[in-house]
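Below: one structure, written as structure tokens.
Each chain gets a letter, A, B and C, in the order it is written, and its residues are counted from 1.
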């Protein structure tokens, strides 16, 4: 290893008056990590399903995300088309190549041009699947993978996210447990994005402006049916 | 008077023996504050003494990094006030110095460490002592007019002095308390700060004075003379008509005295 | 950046008299925003306690957590670079950029980057660094340092930004002077988009390093950090050892405090956990992921009276609530970190001789400590720096003499009584008719800005003694 590494670690041990080969201390540290115990979880996040939904909608909207609710997955293409029309956007969509999305009945919206893959500079709107959503702060959790390229969350001006009610959790801690379960035996994702509303900046004289570098609009399509807790991506 | 209205915890009929920590600013600049404290404490049933071997709490040395002098002064204070049930100071910063800073200051001196803790336990800022220990819930004073109150930093953040002065002020007949916006913002005195960084200090007190004048109050009160001298000085410089007093003066009904910065006969 | 902290007083003077700066910093709404956010979270104070405990536990076992972090990070394809000094860190970054033939480098906001002056170094070596955080982008165009750790351009008015864009964006064919903040944002977005896509390497900071998964975390509201770290061939993270937390849950706990303390948001818009480079089957993401762990004086603080500053999560709450900062802004502090936390950390990194004013320019009002999410005892550590200065004889001579005289007298009550009776007697006599002094020799600092109320004349002790003499009970 490097001299710098040795020196830094030795310096820490000297300052602490501790040995690096102290088995008991190492066991303590390892145990703490293994247990990954929860610290205090705000009461706000401890709700029943109905409460979680209500809180999520409230918090997401406070963060300037918009939410469209549909009953079935089959309704999603319509919800997308509606959003694009309402915002006067071109009828084009970059889709994450996730089967849950690609399997949707896009053919019912023939005028909507669908492309999949990573984001291209000219994309105006993308649709990606959420992994989970956290009611506590109205936040979406998106996870990178072969079928969920991260650039789709950031490059297009308009970011649409498919979320099913079953993916909603109360606190962040539940979301981490779901990801750990999903990753069991597999690689942890390169990127986990927690997204709360569209991009913004107040760097110019404290005036809050939307659409800094990330998407100007974040539109959540919340489906009652579907992938109940089934991990995506 | 209020003497009958309370009972000091665990004291029964025996009056509490209180040593008054005058503070150097009160001693030097405005003894009236000391006499107001005496009046209030005696009315609360305390048996009061003013030990002669006191000068300063040692803050100037302590806050300048001069631990040796700070310790020496601290030992002197501990000695001077050893015999009292309580030690009361008409100042949040001096009481805070004794209560919060003497113990760590003397932590490495075995024979003084415990004595510092003991003194700390017995030491209080004046108004919070009257309310929290003596159980005073009102005074017999009267003051017609609007008054505003500045929360001195040490008293507020080190000792939790906030509700107590307001409680007693609420009992003053004729008094209307206008809360000062930014009551909890530092006035810019900071002991040696106003000498080392006068320009910044002036700016801070000018901001404070703006807030004070905006309340429309005729009188400014606070619990620390350093803050009061600072704010009164700026109010005078700006030609403002407000009267500035230590809250103890008003609570003790001593408002016929010239206010801070006013001419004396 | 070269520290100018020793010119603090002069720079504070300039700042106090700079009408444009004063206008800009009078608009800060951080205090109200934080208060509102905390009001909505009843557990806030308990979370502070837990956050403090987490960081203290990590510091007590920092060596083991660093080793575990490195092992987990390496397992997932991370290259970890240990650097003792800013030069080692600069060299590590340059080596990566050179190897990849990098021409441009995008940057998310990183205070460590400022600390090691990475932009200058890259430029000296023919590589173009592009700041992407809007505030950092603006000050990069103006060749100014940041004046706040969260809102680097907070010292600027809209007009100043307008002027800067007009001159700097001409090269992109923009000739119109913009008036509205929205227009300026849109123009910056357009110009930076191309730079994001063209960048060969992306550099970000890290709010946390997580031992459990070997991950780094960044938070932004703009999304610039994510574009910086996802699009280029390599993602370099600049971090310091005390950023370590044990688990995802621990990071979550502290994240609950971070945005609320900084801007009053429940959560920043983008909170991103990065672990390793892109996976084989991923379609985007950086091919390389490097984490630079820079010491630069941090581990030397462990076991010292300044250890608690290592709990700092750079939220800026202390800065936002400091009455001194609110009067003079950030540049007067003269280096990367302003305000209370800057006044504790700066001397620790660049030496107290180079930053002597900083710990002294405080009234110890304590507001900083009261709002710090990590319960750092800032005034106490500022006082410790003053003690160090006193020990080293760095306290200005005149002041030291005055202090010594005061302390000497204060330790001799009888002499003190005599001296003060005389002194206050004279002063009181001189001041009784007007009640105050407009000017006073030896008190110029005070009387320049305010009157000095006259003492009553007799001291309390002399009056009390007289009363006692008259048989007062």
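One rule holds for everything that comes next: contacts are C-beta pairs under 8 Å (C-beta built on N, C-alpha and C of every residue); 3 or more make two chains touch, one makes a residue touch a chain.
It should be emphasised that the depicted structure is a prediction, and the values quoted were computed from it without experimental measurement.
Student: Given the contact rule stated at the top, which pair of chains has the most C-beta pairs in contact?
Tutor: Going pair by pair, the biggest contact count turns up for A-C.
Student: Compared with chain C, which chain's mean CA position is the farthest off?
Tutor: When every chain centre is compared against chain C, the largest gap points to B.
Student: Any idea how many Å lie between the Cα centroids of chain B and chain C?
Tutor: Here the centre of chain C sits 33 Å away from the centre of chain B.
Student: Counting in whole Å, what is the centre-to-centre distance of chain A and chain B, each centre being its mean C-alpha position?
Tutor: A distance of 54 Å separates the two centres.
Student: Suppose each chain is reduced to the average of its Cα coordinates; what separation in Å results between chain A and chain C?
Tutor: 30
Student: Within their complex, state which residues of chain C touch chain A.
Tutor: 24, 27-29, 41-43, 46-47, 50, 54, 57, 60-68, 76, 82-84, 88, 132-135, 138, 151-154, 156-158, 161, 181-182, 184-186, 189, 192-193, 196-197, 211-213, 215, 221-224, 226-227, 230-231, 241, 246-250, 252-253, 255-256, 263, 265-279, 281-285, 289, 293, 295, 299-300, 302-304
Student: Where on chain C is chain B touching in the complex?
Tutor: 9, 12-13, 16, 323-324, 327-328, 360-367, 369-370, 383, 385-391, 395, 399-400, 403-404, 406-407, 409-411, 413, 416, 420, 423-424, 432-436, 445-446, 448-461, 463-465
Student: Going by the contact rule at the top, pick out the chain B residues touching chain C in the complex.
Tutor: Against chain C, the touching part of chain B is residues 22, 24, 26-32, 34-35, 50, 52-56, 58, 60-67, 69, 72-73, 76, 153-154, 157-158, 184-186, 188-207, 229-230, 232-234, 236-237, 258, 260-264.
Student: Note which residues of chain A are touching chain C in the complex, please.
Tutor: Against chain C, the touching part of chain A is residues 2, 4-5, 7-9, 11-13, 15-18, 20, 25-26, 28-30, 32-33, 36-40, 42-44, 59, 62-63, 97, 117-119, 121, 137-139, 144-146, 149-151, 153-155, 172-173, 176, 187-207, 209, 211-215.
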